[in-house]
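As written, the chains take the letters A, B, C and D, and residue 1 is the first residue of each chain.
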Amino acid sequence: MSDSQNGETVLRATGLSKLFKSTVAVDDVSFSLKRGSSLGVVGESGSGKSTTARMIVGLESPSSGSVEFPGATGSGRRGRARLVQMIFQDPFHSFDPRITIAEALEEPLRLHFDWSRERRQARVAELLDQVGLSTRQGGALPRTLSGGQRQRAAIARALGIEPAILVLDEAVAALDVSIQAQVLVLLDNIRRDTGMSYVFVSHDLAVVRYITTDVIVMRSGRVVEAGQTEQVLADPQHPYTRLLLDSVPRPGWDLDRVRRGRLELDSMKETS
Amino acid sequence: MMSTATNSSAAAAAAAPLEISGLSITVQVDGESRPLLDKVSLSVAKGEIVGLVGESGSGKSVTSRSALGLFPGHAITTGSVVVDGVEVIGASAAQLLELRRTRASMIFQDPRSSVNPVRRLGDFLTEGLRARGVGRAEANRTAIGLLEEVGIRDPARAMRRFPHEFSGGMLQRIVIAGALSIGPRLVLADEATTALDVTTQAEVVALLKRLQAESGTGMLFVTHDLELAAALCDRIVVMYAGRVVETGAASAIFAEPQHPYTVGLLGSNPRLTGERATLTPIVGRPLALAEAPAGCAFRDRCPIAVPACATEVPALRPSRATEVACIMPGDEKAA
Amino acid sequence: MIFRLIGSRLLAAIVTMGVAAVVIYGSLRLIPGDPVSAITAGTRLTSEQRAALREKLGLNQGFVSGFTHWLGSVLQLDFGQSMVYGSSVNDLLAARMPTTVTLVLYAAALSLVLGLGMALVSATRPGIIDRIGLVVTSLSIATPSFVVALVLLGVFAVQLRMFPATGSGDGFGDMVYHLTLPAIALMVATFGLVARIMRATFREELVSEHVEVARSRGVARMDILRRHVVRNSVGPMMTITALLLAALFIGTAIVETAFGVDGIGQLLVVSIARRDFPVVQAISLLSVGLFVVTSTIADLALPFVDARVRAVGGLR
Amino acid sequence: MSLDTVGLALAGTARRTRRRTRPSALVVASIALLGIVAVASVLAPVITPYAPDATDILNSSAGPTSEHLLGTDGTGRDTLSRLLIGAQLSLLAPLAVAVITTAVGALLGLAAARIGGAFDMIVSRAMDIVFAFPTLLLALLAVAVFGPGLTAPICALALGYIPFVGRIVRSAAIQEQAKPYVGSHAVMGFSELAITVRHIFPNIAPVLLAQATLTFGYAMLDIAALSYLGLGVQPPAADWGSMIAQSQSAVLQGNLWSILFPGMAVILTVLAVNVLGESLSDRFSLASRSAR
């Protein structure tokens, strides 16, 4: 894809590894992210995809390896915040339950920008509008909003900081199908309008195909395949990627292929 | 309002595994009555897999649980639910126990919480048979045989092990073995593969399909995933806000959906193959029956709604290859 | 894995006992001013006697050497001589042990039977019965044992003359008879909490999915209660029992005083009033030790009733 | 009773299943009762009908009469007057315990949860060790060391209850900080201190308030027990516990009047406080679950 080839690199992860006690969660993962592109991180539970996401935003520190933001000037927690923001899976606990959505949106603006109260509130209204929430919904407490609305609000809050990168950790997995589609369309439009880059962590290949330009496939903490999304999905090279693709339900689903794919993968493990 | 229980064995032999007709459920919450289901009808024939598809609030779980007489507390229930010839609504406690022990069983979403964590798997597997009065030795033999069937290595040893010693996928196989242990005529699978990883889901679905085909039992497969239902099931019933909005052969629903909601659901799913099409999401959020508008519950979200949609609840009627509850079905092909 | 668990739990128990020993020994040294004159206030002592006492209590040594000396004797189960009774602390305790042990076990049995029974009934019968249960347990939790003791004394000992008002009886049968009112007083003040905690535990199991699954399989109600609800609550039950025993032991200080029962609890109260430190230290160590031992046993038994603990490796 | 203290530890972790949205009649009645007791104790010197130590020998051990509304004790002292005066110490001492314990316990629990690592381990271990001492034993030891009175036992009880508050605050904070909004705030650039003070603490404050209330009730029982044993409040001062102790001889003569009112005073006050504390902790668990 042309847009992912031309942009400058905004994020470079080199040899990322994470050990929890004696288990290896992430093992020597490297990738880079170009401005305006969207990188899918695909894997099943235990693949290390979420831990990788948390290392990018600084919620976990790598046991070895590094996360760099080429061309970035800020440093420390606040500096990193201007570079990268994160959306979590669980929309129900993404907000402090005691404060309204609008207050929650204003909070980071106060921390990062030296703006007047009026300017902050104008910006909050703008952000709410951008994600399709009304002013009335902005004035509400989080618990009165639905999961989809809260996830929109979380996106608005992240956008307010104007980061270069947005990390989305299974951000649409907990939503109903019809709501998931709304949020995916919103995310796609935002990236097109703002030129922001995404790291989109997901187990859902169809969603990843829709929202990303490039993809890495992770299994047991390692990257087993990487490339442009369309290419990887159309012509997967690694047996695990093939198994993942064959496992997605569809009419005329060939479950025998899944079984053979699993056998192939298991025999590979034994020979290696 | 309440049909009498038809319990004769002759009727049972000929009866369909599941026959729900006109099922309405209303619960009392804080002194207010809140409707959950409105005149739901569906059936599962012997040897058939029927997919029950819907988003949150659609009432799909309540519907499937009603087949076992597992109604929510303080519920007023009308209509008829006949399982293998036995009427569930108005059934006595003894009749319900008999039904659950011999005719129908359920597979729940999360295998990790379905199995008592402090007891051995053998206890879980034989519990259903033992409740029916089968002796320990015979129940154990049946259970070991089933474990072999579902692909557990060294089944005799597995009987003595504990749930936490197995992965989620393996545990769901064991739960399936437990559900099949009583030789049910009807299996209810309530989001039975949702909690599993994709590759594990595929394996468990393959297993379910094989066992169902071998035993010829009827299965109601409840899921939010229309594509999974289309891949696995013979027929599909789509529910929205406590009502059935469309039903038909799986291939027909998937290829030629008639109800704008079904069309919207399919348009909401990104595709894995073919053109990377743009999504056409449905506006608004899925509603429960209690918060739905009068008339067609979907009309506020519907792209082709007309004023007439508000006047009455559309009944299911045949339209092309499916039956659909919409006054102007199929007019939305363009979107 | 399991051996590491046992090892770390035993280590924790030993550390706790060690710290308890330091605190209990150190309490003597915390006495403001001169400990010897504080302890012997009211009695006239010659300066030789004072010096001897100072020597005996280890007060003329530094804290560390005094402590190690004391700990050495304690580890040989020698708690020294009572300053009030003159006899050895061991003899004082041994004479009273049977009474207090009987009282604690008696009260524990009553409290557990009533508490668990109420918990099961409340948990399985929501509505009016549960609500009545909550009122009764709230009252139990709010009622001090000495108020119950005095009411029982006034009604059953003084007015109805069904039970003796004081003393601990001779022989086991008579002792149980004498200890009935004290045991009931302890029971009334403790069963409510047992019932409350176990009700919450039972409730949590009753709404769990594996109970729903069992129900969906047509398992009889009694079997669900036995095999799923009560069986899964054995862990909390053991913890409660351990805590209850420790609490009842210190609770005997109150009811033995109220009923004039000549047991360890009453001895503790008397010794505190007279600042008979060797006795106070011995009973304090006993009290902490009882808690440490019972809760360690409960924790160590947990892996055997809940297989998950063996795998996860967490005891708390 | 120190078993009550056990409840503090477990009641907070066990999920309650009762649901309540509006304060029930019971809660309202409890608040009213506590309010009346508190006001009466403050106004006691003004409103007592008799001097608390004035004796009316002719009317000793009497039941309620028009002269003595709640009767008299064995030496003919007016029970109502003594109850009102006794309320001051009976309420102030547990209040002191509750305030100290809550402040220290909250600080330790919050710090342990937020700092984690070795600090958490040391604090948790220390609380485990203190937990091994029954609170009543700590109070008795304090008396053994410092002699009869209330100051030392108040400090000892405050120490003894710290693990109960500390453990519950710690686990509530750990539960709270696992929610994604805490992670979000860290990613947004807020400092850990700011997140703790502005978000975590306010969200667990109801749990803390509930524990403070429950601690008050339990401390009241412990202190009453101490006074009953003659090791707490010393004559001529009186609290409800010492009044109960002084009624023992009358009870042994078959006169139950003298214990009725001081006994009821303790029971009803603790009951009201516990009802209040439980409704607070119910509300919290309800709020935290309805957010799902």
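One rule holds for everything that comes next: a residue touches a chain if its C-beta (ideal position, glycine included) is under 8 Å from a C-beta of that chain, and two chains touch if they have at least 3 such contacts.
A quick note: this is a predicted structure, and the numbers were derived from the prediction, not measured.
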item	value
Shared chain contacts [chain A and chain D, defined touch]	none
Which two chains share the largest set of C-beta contact pairs	C-D
Farthest chain relative to chain D (centres taken as mean CA coordinates)	B
Gap in Å, rounded to a whole number, between the CA centres of chain B and chain A	32
Centroid distance [mean C-alpha coordinates] between chain D and chain C, Å	21
Chain B and chain D, separation of their C-alpha mean positions in angstrom	52
Centroid distance [mean C-alpha coordinates] between chain C and chain A, Å	55
For chain A, residues that touch 2 or more chains besides their own	none
Residues within chain D bordering two or more other chains	none
Chain-level touch network, classified as line, ring, star, complete or other	ring
Contacting chain pairs - touch in the sense defined above	A-B, A-D, B-C, C-D
In the complex with chain A, residue positions of chain B that touch it	55-56, 197-203, 205-206, 209, 224-228, 230-232, 250-251, 254-255, 264-265, 267-273, 276, 278-283, 285-286, 301
In the complex with chain B, residue positions of chain A that touch it	44-45, 146, 148-149, 176-182, 184-185, 203, 205-207, 209-211, 230, 233, 243-253, 255-256, 258-259, 262
List of chain C residues in touch with chain B within their complex	208-210, 212-220, 223, 227-228, 231-232, 234, 305-308, 311-312
Sites on chain D touched by chain A in the complex	179-181, 183-184, 186-191, 199, 202-203, 287, 290-292
Chain D - residues contacting chain C, complex	1-7, 10-11, 14-17, 125, 128-129, 132-134, 136-137, 140-141, 143-148, 217, 221, 224-225, 228-231, 241, 244-245, 247-248, 251-256, 259, 263, 266-268, 270-271, 274-275
